[in-house]
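Two complexes are shown next, each including subunit A; its partner changes from subunit B in the first to subunit C in the second.
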Partner chain A sequence: MRSDTTGFWTPVALSADLPAGTVIPARMAAGTIALWRSQTGHIAASADRCPHRGMSLSHGFVRGEVLSCIYHGWSYGRAGNCLRIPAHPGLTPPDAIRVVTHDVRDTGGIVWVASGIPAGDPPDLDGFTPLRSLTADADRAALALAAGAQADEDGRLVTNIAGQDLCLLLADQPEGRTLIHVLVRSGSDAAARIAASRSVERLRRMAESASHKGGVQ
Partner chain B sequence: MKLYDYILSPSCYKVRLMAALAGIKLDLRAVDFHPGLEHRGPDLLSLNPAGSIPILEDGDLVLTESSAMLAYIASLSAPEWLGRASAMETAREQQWLAFSSRLTATLGGARLHEMLLRPGDIAALQAGGVASLRELEAGLVEQRLAGQAFLVTDRPTIADIACFPYVALAPDGGVSLDPYPAIRLWSRAIRSLKGFIEMPGIHRLHELKPEPHLEQDEA
Partner chain C sequence: MTAQTTLQQAMPHQAPPHQAPPHQAMIDEWYPVGLVSQLDRSGRHTALMGEPIVVSGDDAGNPLVTGGNGRILPVKVRYGHVWSSLGTPTKDIFSIPEADQPGRRFVDVGVVRVRCSPLRAVENFLDIAHFPFVHTDVLGAEPHTEVQNYTAEIRADVDEVWATQVKFYQPQASKSASGGITTEYMYRVPAPTCSVLYKTCPPRPSEWDVITLFVQPLAEDLCDVWPWMALFDDETSMTDLIHFQQMIFLQDRSILENQIPRLLPLDPGMEIPTRADLTSIAYRRWLKRHDYTYGAQLVAR
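Let's look at the complex of A and B:
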């Protein structure tokens, strides 16, 4: 865990897993957020609660450049301001109606969300390319033990499994779970990528059985 | 072609969905599955001694396994929904069709427990559901790495239809779909297919529906 108090970037999803015109839930240690990408490719992150009646905005949908709530259709822009209330089509929603938003970056094929005010940019991935994300019902320590390597303060763990370099970006989740973004050396071919995916499944199984709670997540 | 059907049954929905995608019209016969347990009464047991639905009747043919129904409907009028281009496709299709019965047993069992209060070991059903979802996710990740968006090849087949409903309804059984990005993309791809039909709890992509209030400018 980082010791600086200004803020840090959490890797929440692979860019490829959030195509244009979609919204997904992303879990941060502090709670769930709604992560979405507009039709023209702009990314945004907001609290996962609609200010109207509390519906999860990650259950909503993206049309054009706005995120709409599935419940009564209130729509929000990237800056979090409410743009439209379908039950009152003539009304321009007051500026006071808004959702909390988070600073978000899309770099290196990873979507990063800010907690607090990070001092710099998200970390560089030094020649690694994202492969897939998966969740383990095991904490960082159990994953480090299974991988035979420790994560650095950014949650980045580099290991070598069966002759292949893998970089795992670890993000803590509620209830002792860990979100793992798997990265392989840029330029790895399809066979190497499939092998990496299988290696990490195996690593997760080892970490979970060491934590005596395999398969609950 | 007559389908003994229950609107809230994911297994029956597989057959309705495949028929819609294939452009076949089904003669639907509603079964009082809940609370009447009509599928366990003498008339339906004489059609299907296993006491389950769906049941598909076409002339003398009586089918009681949804995977067989999907294969029948596709063979009749939508052969492009069969993965038959290579030994590999045939094998993968059979693999996922057989796998789909594990989704029924685990996620379907958890859903019956939570929605219809059927007795059962809910923790074991949910754990089995999670294990199945992880297996599906891994399979879809590997397919994507090979440039293919669906379970068998780069177009949807009956194997996708066989797996889709119980997965989409997993949250009804208390199993979250949040940790599975590949499943999420696959589910979106299925829900945006031309000819896709809904069932309660499984919706077409909302953003593909027409904007409800066109009179007001977006900004």
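Let's look at the complex of A and C:
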């Protein structure tokens, strides 16, 4: 975990990949979190561990405006407080039972999760629209080399491949992997979107083979 | 004599430097290592608490268990399984009187490998509050989620954990149940990685069905689970009985492999129990009292 106190935003998923009423695991550099969207569309991020018996909350389920653990159904609100313990329906859970939550934003078609307290809003992606996400078994430097461009401090890398502008959002993952969110110019047609997808697959393979060559395989 | 010297004497060819701290109390216990019905000469190559072992049978069907360097380990046959120990057991294998009762069918369910602490596997077996969420519409169903008060204790005379007067509404309590019933349970933990469950027997209300969980600790975070049953059920085919129990345990596995931390935390503070967890609280207390800590963690980390 970073020790600086400024905080930063991590792009963890495309908004479209988190429909209402679902929960998914989202990998941050510091570990996995449970990312969920309520039935009415509110998004939330919490520690991926139910404090009752340590079960991963991203295996849980969303009903209405609460996230529930799949093990015993303990339910949590967006603020992380436990709302219900099904084994004891008459009990109001004490306020001390809660999960750590993270600040989360849904903007520009991307879900951003805060580490620490970011100074500002997530970066603007004007002119670009999210296409897909993929994970590369290569770090940010290898991807920058393959793309022929550097990512800025927000992890945003803008490049041009085969005449097509692409914006890649890079998020560091454990074990030297990188999560890549691919964005294309807004209004790109289907053929352009398919071409962009293939370009980034090639980029991923280039970066992976370059990093494995120098690695300990 | 320190625990460390005891360990080295018990397992002179064991304990490479990277291994976990000694667990003499658990080393001296009996563990299931295979099914009697599946003994053969080529043997089952498996492990017990980190040591590779081979479980084989001679032509007459006598079991033989050998340790890492070929040393002969203690062996017993009980409840359809072969049992062994890396140490010197001071007690016999716990008794299940129902195993000698006429009219019961004995079901070797087989083995399920689980990437979890053997102690977490037992603790999950002692838990009823997860039924509506993990065994949905079989062992439990919403809105019947309430766990009524029951009794859990460490019985001093037998030195076992017991939970009694446990009741739960079940849509399909067993293969022989038709429709929902409120099932009564008793749980017993006679050995650190074994539990015996006594459960309402639908075809014979005056008797208890017996369902056990025998857990073979392969490593602190890996185990082979051998469920076994002694039931009054003359209707259901053996295949269906086995499938039912395997389905239940595979649902449990999806939980057990996703708990954090992998080891069972014995110190308070890491997890939050409620009244419904009284059996688990007694089990953890009993483990701690006996230094049964293989597969446990004592300090939050």
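One rule holds in what follows: the second predicted complex is superposed on the first by the 207 of 217 C-alpha atoms of A that agree within 3 Å, B and C clash if a C-alpha of one lies under 4 Å from a C-alpha of the other, contacts with A are read in each partner's own complex, and residues count from 1 in each chain.
Keep this in mind: a residue touches a chain if its C-beta (ideal position, glycine included) is under 8 Å from a C-beta of that chain, and two chains touch if they have at least 3 such contacts.
If you're wondering where the values come from, they're calculated on a predicted model, not measured in any experiment.
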item: Touched partner set for A:G73, first subunit B, second subunit C, both or neither; value: both
item: Partner chain(s) touched by A:V158 [first = subunit B, second = subunit C, both, neither]; value: neither
item: Touching partner for A:R193 - first (subunit B), second (subunit C), both, neither; value: first
item: Most subunit A residues touched (candidates subunit B, subunit C); value: B
item: Partner chain(s) touched by A:T22 [first = subunit B, second = subunit C, both, neither]; value: first
item: Touched partner set for A:L145, first subunit B, second subunit C, both or neither; value: neither
item: Which of subunit B and subunit C A:H52 touches, first, second, both or neither; value: second
item: Partner chain in contact with A:R63 - subunit B first, subunit C second, else both or neither; value: first
item: Touching partner for A:P86 - first (subunit B), second (subunit C), both, neither; value: both
item: Overlapping contact positions on subunit A, where the subunit C interface meets the subunit B interface; value: 68, 70, 73, 86, 89
item: Residues of subunit A that touch subunit B when the two form their complex; value: 13-14, 17, 19, 21-22, 24-25, 27, 60-66, 68, 70, 73, 75, 83-84, 86, 89-90, 131-135, 190, 193-194, 197-198, 201, 215-217
item: In the complex with subunit A, residue positions of subunit C that touch it; value: 127, 129-130, 132-134, 142, 145-147, 254-255, 258-261, 265, 270-276
item: Subunit C contact footprint on subunit A (complex, rising order); value: 48-49, 51-56, 59, 68-73, 85-89, 91, 97
item: Sites on subunit B touched by subunit A in the complex; value: 127, 130-131, 134, 137-138, 141-142, 145-146, 178-179, 181-182, 184-185, 188, 205-207, 211-213, 215-216, 218-219
